[in-house]
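Should a chain be cited, it is by its letter among A, B, C, D, E and F, assigned in written order, with residues numbered from 1 in that chain.
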Amino acid sequence: MRILVVNVNTTESITHTIAEQARSVAAPGTEIVGLTPRLGAESVEGNFESYLAAIGVMDCVMAYDQPFDAVIQAGYGEHGREGLQELLDVPVVDITDAAASLAMLLGHSYSVVTTLERTVPLIQDRLRLAGLYQRCASVRASGLAVLELEASPSRALEAIVAQAEAAVHEDKAEVICLGCGGMAGLDALIRERAGVPVVDGVTAAVTLAESLVRLGLSTSKVRTYAKPRAKQIKGWPFEHGRG
Amino acid sequence: MRILVVNVNTTESITHTIAEQARSVAAPGTEIVGLTPRLGAESVEGNFESYLAAIGVMDCVMAYDQPFDAVIQAGYGEHGREGLQELLDVPVVDITDAAASLAMLLGHSYSVVTTLERTVPLIQDRLRLAGLYQRCASVRASGLAVLELEASPSRALEAIVAQAEAAVHEDKAEVICLGCGGMAGLDALIRERAGVPVVDGVTAAVTLAESLVRLGLSTSKVRTYAKPRAKQIKGWPFEHGRG
Amino acid sequence: MRILVVNVNTTESITHTIAEQARSVAAPGTEIVGLTPRLGAESVEGNFESYLAAIGVMDCVMAYDQPFDAVIQAGYGEHGREGLQELLDVPVVDITDAAASLAMLLGHSYSVVTTLERTVPLIQDRLRLAGLYQRCASVRASGLAVLELEASPSRALEAIVAQAEAAVHEDKAEVICLGCGGMAGLDALIRERAGVPVVDGVTAAVTLAESLVRLGLSTSKVRTYAKPRAKQIKGWPFEHGRG
Amino acid sequence: MRILVVNVNTTESITHTIAEQARSVAAPGTEIVGLTPRLGAESVEGNFESYLAAIGVMDCVMAYDQPFDAVIQAGYGEHGREGLQELLDVPVVDITDAAASLAMLLGHSYSVVTTLERTVPLIQDRLRLAGLYQRCASVRASGLAVLELEASPSRALEAIVAQAEAAVHEDKAEVICLGCGGMAGLDALIRERAGVPVVDGVTAAVTLAESLVRLGLSTSKVRTYAKPRAKQIKGWPFEHGRG
Amino acid sequence: MRILVVNVNTTESITHTIAEQARSVAAPGTEIVGLTPRLGAESVEGNFESYLAAIGVMDCVMAYDQPFDAVIQAGYGEHGREGLQELLDVPVVDITDAAASLAMLLGHSYSVVTTLERTVPLIQDRLRLAGLYQRCASVRASGLAVLELEASPSRALEAIVAQAEAAVHEDKAEVICLGCGGMAGLDALIRERAGVPVVDGVTAAVTLAESLVRLGLSTSKVRTYAKPRAKQIKGWPFEHGRG
Amino acid sequence: MRILVVNVNTTESITHTIAEQARSVAAPGTEIVGLTPRLGAESVEGNFESYLAAIGVMDCVMAYDQPFDAVIQAGYGEHGREGLQELLDVPVVDITDAAASLAMLLGHSYSVVTTLERTVPLIQDRLRLAGLYQRCASVRASGLAVLELEASPSRALEAIVAQAEAAVHEDKAEVICLGCGGMAGLDALIRERAGVPVVDGVTAAVTLAESLVRLGLSTSKVRTYAKPRAKQIKGWPFEHGRG
């Protein structure tokens, strides 16, 4: 099967990292295709950028001209998943939901460690709407911006570990979710340091997407995620070559 | 003061209706400017279109080159308000929140009557995130699409009244919120028929926006709605003349 | 239009302060009438006194013999608003609800700073019932009694600012509500110090009451706030001259 | 021990019924004293009357000049209990809370059957604040006013049984609480008809009050229910002979 | 009346302590019978042991061959109460629920002080399901294992008092529930030290069980707690002499 | 990898059906081992039987003497999963949680269709504790006992389809979860009839268990699910040959 893993920002190197992370757990026979939006911010750390990401992700998925079996939206706490679910017949998995769903199978409560403080309410709100927030002990910010994760991996590791440890000891989290697509690959190190299971959203999403495909399950079309009605739309789809 | 009232769809006649409705309650000295997005759907009835609306609204507000004191987002249950709050220093009022806030001052519980069944979960989710859902007795769909409201006002009226009455008698609503910008102007008729206060989001939002401006209050910038960080963004702002 | 602003305690100087604060934001043409209950405590800081306030407020509003268009109950977290809503045909706005409603338009979460620790649960409970508690980050007490606010304004200011700052930094509040009618007038100073919008309930309530009147909206009478049934009542209304 | 059972309305015959009901389950050695407020309505069916009841009950308890060990407030869903808890050192039990507390020991969910539809939100709100609402399947109104219960017991019985049966079959209630002090004595008949345990608030409160006294437990005085602070109060206590 | 007080662990000395505690408050004419399971752990501090306790308690109650009027399950936060409610016609009271029910009559919020940190989530979950968690300020662990309570009473007292004080001052608890059957007897000492009412689950449960019996109330049999259906069961009841 | 799929009742033919269903979706290289408890009821439809199942499942997993990589508890809404999580180092997946987790990726809300009405509250409670209940539209009973599913598959199909359709049309469910291990294999038929995705817990659990194993994730051991402490336990483990 072919799974599209869509970055939410326009930084190709992050797309590459995410796709590699996805491939590291994909089942034999699963092809991972990494996509980068042609519209949007170089990193997503707030509502304005998150709404751009929603459109950027939908655009690049709709512009992809080969068949595929599932889509993973690889941004933590971003908007847009519901739009993709309307547009597509194949299953859509957001890494925010994927990480929380698996974390809840592993412990009584989980915490998310993310990048900047300003993104904490976005993640909380997305988990609330997803119905996955009740057992969330906390969402904590490492204080590092998305692009700093790439630039300073060791500093990032320390900052994330510090918050993970605080989540375990102060908030009573029993599992840590890595709250940023760009944290892919740090999970084993953090697990060792924090002493609890660490769930990376990208790899979690790959196994969930594969699960849905194998089970023949896809998005319900009876109500919320029914195909958009036929109507006149201005400025969409984006013409090729722009952005 | 000048208040921008931004439609969420691209249908100019609806922008006209909404702006007229806004003017009908604006205080002396308040200028209402109606804006129509140059990107988006002719009507918004689902997540894909709602995410387009989020971008379309931000685009047309940012492209507006005169000073203004507040913005009203005139779509019921749509995405985008948080992005505007980041981008602007002036207050932003969404008609979904405005209607619910005033309705809660008038009765123990309120219901929303909207257009199509598929939009009900969007409205519920927006009210949930806004923290205004606890006293919502129900969100009911009249079964009429947004554009049918304009085409068949008397049929629309009957369908909306039927749901308003069901909300009052079955769901124990004590106030009705009109759940669509395009319903502007029907409130007095429905109030007469349903026997309870009827809150129209557009007029509610005008008085709330004026209130905030008079009180010198605007969006908090300390965390969630801080200005977006300076960064490279592709495909934004939209160039003039496209869409 | 004429708006009655009713103090919840029997201290005339506080009524005067509240009325002046109300007048400072009232629209041209709005007359503010300050009323002081003839029954009740010199300050309200607990349930017993709050229940007396409920009766004292209803008594003085019913004894007012001129026409009026709206009533503001100017006590933070006190009982009684629902009774007024039954007795009157004009809208009733409690400053607790007013401040929270506007605060929620300005930030992702808000905190209340009030007087004594013992009043915190009353405020929390009133906000819970009003359906406005979900986005309340905290209710914090400055430790100063109501009458100390009048006697020592600079000490009061420091104590309130300290709690406002703690609310912003520890509880992640993005907006502060002043949780006492007697704090009227401190909002600009606190805003400057705490760096976030500060909502004063009295001024918020004035604009909300004006909004409802302008929109032709008043309390729903179909159920919870229907007129009291005709029946024999002992000891009510209070005879003139007592209290 | 001596327990004061305080009616919330001014109808002496209801006080008599309630006190007799209390005596029917009181332990040997427990003296039941029925009190009737000298201020308030002949029956309590709404917020205005409920606030009068709050004061009326506090007044008649404070005017009682003999020692007592506990107080029962015998109105379903009325205000005032928190005020009594501040004023007194002995335990205070409200029949609303008492019935719900015992009902929750008997089944997975319970319903309340009360008098008029307009009192339903009051009861729901009191149960919400008491923290006893989560397992409440419904609050249903028989449509009979309080005084009709006394005048037409057999008609009352039928109306209450009909709602109790609807609660069991439609709302999945497993226990019924009688939601009115005036329903005292109907419990055995309704239990037989509805096939589920029926909890009467007055008798439940007697055993709970006795339990607290026997265990040497009374209201916590550290915060919410601390003694009112010494201050000047106008019009209180009510002079003897008025009302 | 005869009340069975069933220990959840297999340590006879704890059964003895619990039964003595129960007798200290039982009404004249109430006989307390202490039962010790023949299956299970010497102390219960986790899910595995708690599930064993569920079976052990049901086994020893079903094996008891004399008539009885009520059963008290004397483990804090353990499984099993629902099974007993199905098997028996007489009322069943769990000490977790009993303590919380009475605590909520005494203060605006309560905390539980229990033994080991690992049992905290079990207690929280049991209170959540019981519908008694909303007003729980915290569940705190003293860090002492169940059997250490017996071995080192003075050390236990200090550790419990420290947590009780933290609950009052940091979590704003107004009442403390002793979260372990083995803490029976420490309540008076802790009350004196922490300055708030202290509710012991065993004595609370005795008065609640007596209350239900006196009121003629027992478990509803219409749905959740209906008698188990007749069916083939392997390995149950346990034969005499094993374990 | 080897996954143990443990039936919660003692009926071998149901174990066989469940194991076959599990094998139908297992990845190449995954060995499914079906286990039947030697203690417990022939079908589980209530709390007493569910607590027996908790012990029966733990017993047969602990008695299994070969290595394994994950355990699936194949009973819908039963007790015991937390105990297994303490005892084992490998991941444990309950089919109740598995079905809900995947259903939430497919639609805005889901419903469960189960067997007898009396099991509905058990399922609701397990979903509540699992933090997966918020988006549950309803739990509906087909009215057929577990063993009737095996005896009358066509009658079962009709009864389940009827409830699934009611869930979609009345409760607005967008996905259906089959609420009984014994319903394994009916999913395709019901999906065709009800028009929405149908999630079978057993197959969902297989893919989730495989996911966790592939990701190297297992139960957190820092708190709730830490290994039971070493202590004396009576009657456990069950001796071989009994039951």
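Note that in this section a contact is a pair of C-beta atoms (placed from the backbone, for glycine too) under 8 Å apart; a residue touches a chain by one contact, two chains touch by 3 or more.
All values reported here derive from a predicted model rather than from experimental measurement.
Q: Counting shared numbers against all numbers at the contact of chain E and chain F, is it over half, same, or under half, different?
A: same
Q: To bring chain C onto chain D by a C-alpha fit, how many degrees must it turn, rounded to the nearest 5?
A: In degrees, rounded to 5: 180.
Q: Which whole number of Å gives the spacing of the CA centres of chain A and chain E?
A: One centre to the other, that is 44 Å.
Q: So the centre of each chain is just the mean of its C-alpha atoms; given that, what is the distance between chain A and chain F in Å?
A: For chain A versus chain F, the centre distance works out to 28 Å.
Q: Could you list the positions in chain B whose residues touch two or more of the other chains?
A: 108, 121, 172, 223-225
Q: For chain B, which residues count as touching chain A in their complex?
A: Residues 10, 37-43, 45-52, 54-56, 58, 79-80, 82-83, 85-87, 117-118, 121-122, 125, 128-129, 145, 223-226, 228-229, 231-236, 238, 242-243.
Q: Within their complex, state which residues of chain B touch chain C.
A: For this pair, the touching residues of chain B are 25, 27, 91, 93, 97, 101-102, 104-108, 130-132, 134-135, 168, 172, 174-175, 195-197, 199, 203-204, 207-208, 210-212, 214-215, 217-220, 222-225.
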